[in-house]
Amino acid sequence: MSVVKSTLPESAQKVVGQALQSTLVDLLGLSLIGKQAHWNIVGPRFRSIHLQLDEVVSTARTFSDTVAERSAALGLPPDGRPETIAATCTLPGPKDGWLKDTEVVQVIVDALEAAIGRLRERIAATDEADPVTQDLLISITAELEKQRWMFDAENWPRDN
Amino acid sequence: MSVVKSTLPESAQKVVGQALQSTLVDLLGLSLIGKQAHWNIVGPRFRSIHLQLDEVVSTARTFSDTVAERSAALGLPPDGRPETIAATCTLPGPKDGWLKDTEVVQVIVDALEAAIGRLRERIAATDEADPVTQDLLISITAELEKQRWMFDAENWPRDN
Amino acid sequence: MSVVKSTLPESAQKVVGQALQSTLVDLLGLSLIGKQAHWNIVGPRFRSIHLQLDEVVSTARTFSDTVAERSAALGLPPDGRPETIAATCTLPGPKDGWLKDTEVVQVIVDALEAAIGRLRERIAATDEADPVTQDLLISITAELEKQRWMFDAENWPRDN
Amino acid sequence: MSVVKSTLPESAQKVVGQALQSTLVDLLGLSLIGKQAHWNIVGPRFRSIHLQLDEVVSTARTFSDTVAERSAALGLPPDGRPETIAATCTLPGPKDGWLKDTEVVQVIVDALEAAIGRLRERIAATDEADPVTQDLLISITAELEKQRWMFDAENWPRDN
Amino acid sequence: MSVVKSTLPESAQKVVGQALQSTLVDLLGLSLIGKQAHWNIVGPRFRSIHLQLDEVVSTARTFSDTVAERSAALGLPPDGRPETIAATCTLPGPKDGWLKDTEVVQVIVDALEAAIGRLRERIAATDEADPVTQDLLISITAELEKQRWMFDAENWPRDN
Amino acid sequence: MSVVKSTLPESAQKVVGQALQSTLVDLLGLSLIGKQAHWNIVGPRFRSIHLQLDEVVSTARTFSDTVAERSAALGLPPDGRPETIAATCTLPGPKDGWLKDTEVVQVIVDALEAAIGRLRERIAATDEADPVTQDLLISITAELEKQRWMFDAENWPRDN
Amino acid sequence: MSVVKSTLPESAQKVVGQALQSTLVDLLGLSLIGKQAHWNIVGPRFRSIHLQLDEVVSTARTFSDTVAERSAALGLPPDGRPETIAATCTLPGPKDGWLKDTEVVQVIVDALEAAIGRLRERIAATDEADPVTQDLLISITAELEKQRWMFDAENWPRDN
Amino acid sequence: MSVVKSTLPESAQKVVGQALQSTLVDLLGLSLIGKQAHWNIVGPRFRSIHLQLDEVVSTARTFSDTVAERSAALGLPPDGRPETIAATCTLPGPKDGWLKDTEVVQVIVDALEAAIGRLRERIAATDEADPVTQDLLISITAELEKQRWMFDAENWPRDN
Amino acid sequence: MSVVKSTLPESAQKVVGQALQSTLVDLLGLSLIGKQAHWNIVGPRFRSIHLQLDEVVSTARTFSDTVAERSAALGLPPDGRPETIAATCTLPGPKDGWLKDTEVVQVIVDALEAAIGRLRERIAATDEADPVTQDLLISITAELEKQRWMFDAENWPRDN
Amino acid sequence: MSVVKSTLPESAQKVVGQALQSTLVDLLGLSLIGKQAHWNIVGPRFRSIHLQLDEVVSTARTFSDTVAERSAALGLPPDGRPETIAATCTLPGPKDGWLKDTEVVQVIVDALEAAIGRLRERIAATDEADPVTQDLLISITAELEKQRWMFDAENWPRDN
Amino acid sequence: MSVVKSTLPESAQKVVGQALQSTLVDLLGLSLIGKQAHWNIVGPRFRSIHLQLDEVVSTARTFSDTVAERSAALGLPPDGRPETIAATCTLPGPKDGWLKDTEVVQVIVDALEAAIGRLRERIAATDEADPVTQDLLISITAELEKQRWMFDAENWPRDN
Amino acid sequence: MSVVKSTLPESAQKVVGQALQSTLVDLLGLSLIGKQAHWNIVGPRFRSIHLQLDEVVSTARTFSDTVAERSAALGLPPDGRPETIAATCTLPGPKDGWLKDTEVVQVIVDALEAAIGRLRERIAATDEADPVTQDLLISITAELEKQRWMFDAENWPRDN
């Protein structure tokens, strides 16, 4: 007997569980990447991007909580421990040390694009299995796409 | 020439830099451990401890930001990337999957005690090098000792 | 001529109307069941669950208002009178008098599971008829599944 | 031995218990009647009365909680389950379906007058038995009389 | 190379872009129509409808911002300039000068119904192309249908 | 020697003092008239106008305080005692007892028009004597003219 | 037929009506007296008493509204017009012009004592007729007695 | 001549003064007992009861202020000095050192029951002497009886 | 007979009406221009100017409401319909599509300067006709001149 | 070419620039004088005046910012550096060290009167040159005259 | 085995425990003394000092909680029971009955000076034993010294 | 006899008094320098640095108040008059007139570094004399070092 009962049929649990677990890892990774850039950025746009990064972090932290609790709600224990993030997060991140403001913008655009691409796959994958989870993934995608635009617009012209 | 200038003499930078970097890793680790327990706890005290854990996470997140920004302020770039946390955080943490409420209390008491022991060493180590950093470490210790007590009091009698 | 015009084609009104009316009755029933338990609970977990129940009641009241107004917005007058709830609500509820805390947790898990099961049927039923109503039912399900988990986690081990 | 001890002598418990239980049912009935009218009202005064009804509902819900908790506080378990309300609430209520704004005003004036008449009887009845409960009934009457006036003033001239 | 990159495949961009651009124009038009009525209404229901219109305006403004930013986020620059609204907005609006309260209600019901009808077509059109955009259109429809009901209920009996 | 010194030359004190004293009496009178109507109104527009009247009262009270303190600031003691208001306020007011909603609207339009007419005279009169006082009278006029419009628009068609 | 129906038997209406009408006049008078002193006070305690007087005014205004609405709620139209206050208010008040701070304290103590003495008579008078009105008069007395003490304590030693 | 004048006849002052002075001591004692338990509690219900105790302390502090100021308002100087509390407070309290959570619940139930019993005697005693003071004692009793219930419900089954 | 009566003499109505109507159109135009730039801006200063533009929009929206209601208050119905703005607004605005940040700053400086120039003419024109309207135009000018400075300072050196 | 363009004709810039620069210096001087007195006051009215002084400081700081930004908005760089204040501020201020409360009141009355006298001259001087700047100077005068009264009233009888 | 484990070595526990326990008693004593004066003060400065005393009480209550919880956090159960305060608090306090305002100021200065003197000894005593506790004692001293100054400044000239 | 008594021994007063007085002058100077730059900055980073400077000003103002009140609390009257700041402040500041954004960043970095260097000397100097004052100086240093970093990071690469 499972510890927390699932309201999903067993057939649906695997795809939904994988979608939520990998989204959790991406969001926790994104929150740590965002903070790393927030602390190490240097350059004339320091303050503006320093503040913008905290919006990424805040979004990533809030949604990571929603995603992990959705997983638990479906009887599937989420895993957000440091070693799990380090081992399974595939988002590109910043190098060690100070980061130029132009580098930071590119790093965040890249990380958000990777996260969005994977989310769109999971939206398709969960369509049959659980429209409730799918709806959550759609909300996360909408917000990350908005934040990606705001960094990409800041990134123009790209050879800046 | 360094990117961000330090207001500390070079002789003091090493001990202060190490104290802040290892405190940063401990606090980020604690925030992830706290959330993991927040999501996976089961048992009759679920709600009470679920809420209490968010106070640990909130404390750890707020102080991790202060510590990293103090490091940057001293010209020493902080490192809070996932791989750094996974590689250098030495706090004991929870196992994978659901966690019984009594287990959670013990896990958090153990993690907080490890963090506090290390903080007290750094308070002594930074006394000469930088009283400003030392004052921050004292504040963190005061708050973590308060939270440790609240879990330890909850843990009694220990063979519960 | 109808009193309030519907923006739905007539063919869609029946399934959507039934979905909304029965959801309304379930949510009003749930709000009354939640308050009954809130007032009559006794036992060592009194305070924690007493507070948790008010979150169920608050959720049920807020969504019952949204559901009833959605029905009216589609030109279909909702019915939430006491006699209608008593006659058509099929959620299992508590017995008369004081209720042990462990009983309360089980009563709420059972009521939420019944409500969720019926909501998932209505999500499927309204997919073609009205994606706007379906989206509302998905939101309600997400929230009730979260609350169900928090009581079920508290309920473990079940023979407690 | 009773589950929750009463601070009232046994002789006083019956009259006070009946006063509180019937007030609870009236207030829960009133909250459901108010919402039914809030959702189904049509006519040129729709918005004004739609909003005014939510003040009735808010008052009824808040006082129903206070009344039920006062009953519990006296060791007398309150009963606010749907079937109890449907079976014992004697307030006149609205018919099914859309309601003209003028009808709604009359329905609410009638329901409030019935509730007030019964409250004034209970104020007299509890005078000896428990001045603390009596004081609560006086507060509820003051508020319902104020709301009755505001609907009655709106109802003039009555043949409108 | 586009200025802001799109996360949508090129095939999807046209239908999504058209849906967002025409929704933007409708919402900006609605916000201006709502304010025009808010300022020019006369009659015994002046205050009630004057206030209700500001809720339409507030909704229209908030969603127009979300829609335009969604378009930008997909690499498609939105166009909300005065001449574009005047040239492409097809919602029926009020005549010049003072407006009787009964006329205002009818004008707003008509404008909302036109907007809703077009939104429901776009919900269908974007289903394949972008579920994230579709979800936004569903949210807008839900809110506009609610506001349409509140004016339509106020409009009864229609020959008023 | 005066008790509180004036920053105005003696020649200017008389006209400014009279302008402020008569404005004070008008505003205190208006606040009492507004409350009288707020309490005694009956009719189908009861709630809407009952609330609107409190905005008149709030405006009148706030400005009466500013006007009286402006007078004191100029070394001219203001007089707002009941007998002074009764003896010198020339605004038309309501009769005793219940007031029909249509009557109330007319009463308030009349009182506001009388107050505005007198304020416009004082704006002209204080132009030379004290531009600071004049600026205050302009602010009061702007607000009262706005409130007058909102009652007058509600009053249409006047033979209602 | 009365305009607004009373929930009191006719026999009780007269004593309750008189109690409420004379309390209304006292409170409105007190609010005007308090403001007059607030504006005209001079002396070393200016600021402290200037602020304290606004608490008297705020109390008097709030309770005057409650009292007038209680009267209306009982079907008895209240009368708070300037001429009524001037003609029937018997509280002693301040003279014209600047007022020394020591005088102000005495004026307010006297006005409050007069108001309290009359309220205590009305508490006795309404005991049988309407316990709901009596409860309101008790609340007003409690607050005015508190404010009286704070001025009386300030007034010591009285020959100051 | 007394320092602060009383609005009560001399005959009433003694019984009212005693009722208020002994209530003050009980409430100050209760606030100290509540804090002592708040700090020294241990056991699995630590957090839940730790928080609940602060509601007792907050209630006791707020009412102690109201009671002492009521006494002063009647010209009777209250006495809440440490030595007075220690000498005259008769509520049972906790022993020195750590307190098991089950002990704490019993200690608070006992203290609240003692306080309530004495308050009900004073309600009866002040009925003739001062209905304003009696009304305050009724309010305190209502709140303490509510808090007593919440601890008593938590205390069940008592041999826990 | 006019619908809403004017408190201005007929001779003054024309100049005041024209001043208010053309200010209304400028402010509504400015609000749409500001949002267009807010959505379409790209370049390294994206975030800073994106936020700054919302302050322009907020100012323009708030003042457009005040201006239109001032016109209505003077019995002159304002016209803010899309076709009126497109036909009569003469402020220079942005081109279609993405806008470089440097272009945006210039566009807004130009639009604000055009609006300010026209406002200063209207301040002179309304001096005799209506000092109340003039005072409003002065307030708008003060705020727009402040915003113009903040964009112009950002625009330096202009060949940037 | 000027750095920030002016919307004023060159002929007007000199008088407006001088009015704003000298007002800025007076307000910054006043804020420092107010704080000096706030810190060094002694005597029985310490607390009351200590608090009142912070209102002077807050007013002076807020208006100094508005005045300096108005100057910049007109293309005229303001100068608020310490050496400029010390060299050009002509307001009388306090001596070094502790200040008796009666001295403080006189110092502030003197400083405010000097500031007001100079402001009234600048109101006259800017009438033609810039009504927008004049309007700001009028607002500052109104507020400073209010504060002057409150200290002057406190100062009575002056030989105190 | 201790109930709550200490993070301090045993050697440090005694000095830290004594410092915290005696500080707790001083702060609880101060909070009771402050309230006693708050209730019993009479004289022309009543209101100002009555309010100032509540800041002392609020400070004392907040720090007493922090101190007691720090003691518990170190495994040392604090004792704040009435009999402990009465027996061990050595701060001088007020006599019974009404207190003249000048007496009150002296009483509070004396109590704060006694408390500060003892705190400065404990700051020295805990320097080696626990810098975290020392830091808390420093914070309390800073706040009490600030409050002492504000009463001492009010106390001047002392023979007042 | 001193006016305000000191809780420090005389031997400690001189070093502590000098440390506080010179810190006060630095902070007041910094607040004026920060505002000067806030008003006169021009260049593409105008808005971002304009806002950042207000955080410097806010910090400097808040700490200047704390420092001056700490001085007064120790019986040492602080001196923050304009002439004292101008004569004794040694922080480097901006030149007259418009300031390029890059210049502003350098000016603030230089001023903060000068202030920090002097604060660190005073931290050492007050260690023996008064740990309470030292703790305040440590807090100020922590905050100024954080703000220095944020400007220095913005300043990179320095030859920008």
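The first chain written gets the first letter, and so on, giving A, B, C, D, E, F, G, H, I, J, K and L; residue counts start at 1 in each chain.
We adopt the following convention: contacts are C-beta pairs under 8 Å (C-beta built on N, C-alpha and C of every residue); 3 or more make two chains touch, one makes a residue touch a chain.
In this text the structure is predicted, and so the values were computed from the model without any measurement.
A.B. asks: Which number of steps is the smallest that gets you from chain C over to chain I via touching chains?
C.D. replies: Each step joins two touching chains, and the minimum needed here is 2.
A.B. asks: If over half the contact pairs have to be identical by residue number, which pair among G-J, D-H or I-L is the repeat of B-K?
C.D. replies: Comparing each option in G-J, D-H or I-L with B-K, the repeat is D-H.
A.B. asks: Centre to centre, using CA atoms, which chain is the farthest one from chain B?
C.D. replies: Comparing chain centres, F lies farthest from chain B.
A.B. asks: Compute the distance, rounded to whole Å, between the mean C-alpha positions of chain D and chain K.
C.D. replies: Their C-alpha centroids are separated by 50 Å.
A.B. asks: Taking the mean of the C-alpha atoms as each chain's centre, how many Å separate chain B from chain G?
C.D. replies: Their C-alpha centroids are separated by 59 Å.
A.B. asks: Go ahead and note the Å separation of the Cα centroids belonging to chain F and chain I.
C.D. replies: 32
A.B. asks: Residues of chain K that touch two or more other chains: which are they?
C.D. replies: In chain K, 3-4, 42, 45, 48, 69, 72, 135, 153, 156 touch at least two other chains.
A.B. asks: For this structure, give each pair of chains that are touching.
C.D. replies: A-B, A-C, A-E, A-I, A-L, B-C, B-H, B-K, B-L, C-D, C-E, C-H, D-E, D-F, D-G, D-H, E-F, E-I, F-G, F-I, F-J, G-H, G-J, G-K, H-K, I-J, I-L, J-K, J-L, K-L
A.B. asks: Can you list the chain D residues touching chain H in their complex?
C.D. replies: Chain D reaches chain H through residues 3-5, 7, 69-70, 72-75, 131-132, 135-136.
A.B. asks: Quick check on the complex: what are the chain C residues that touch chain A?
C.D. replies: Its residues touching chain A are 113, 116-117, 120, 123, 134-135, 138-139, 141-142, 145-146, 148-149, 152-153, 156.
A.B. asks: Okay, in this complex, where on chain H does chain K touch?
C.D. replies: Residue positions touching the partner: 3-4, 28-29, 32-33, 35-36, 39-40, 42, 61, 64-65, 68-69, 71-72, 77-83, 85-87, 89, 93-94, 96-98.
A.B. asks: State the interface residues of chain K toward chain G in the complex, per the touch definition above.
C.D. replies: Residues 41-48, 50 of chain K touch chain G in their complex.
A.B. asks: Where on chain D is chain F touching in the complex?
C.D. replies: 45, 48-49, 51-52, 150, 153-154, 156-157, 160
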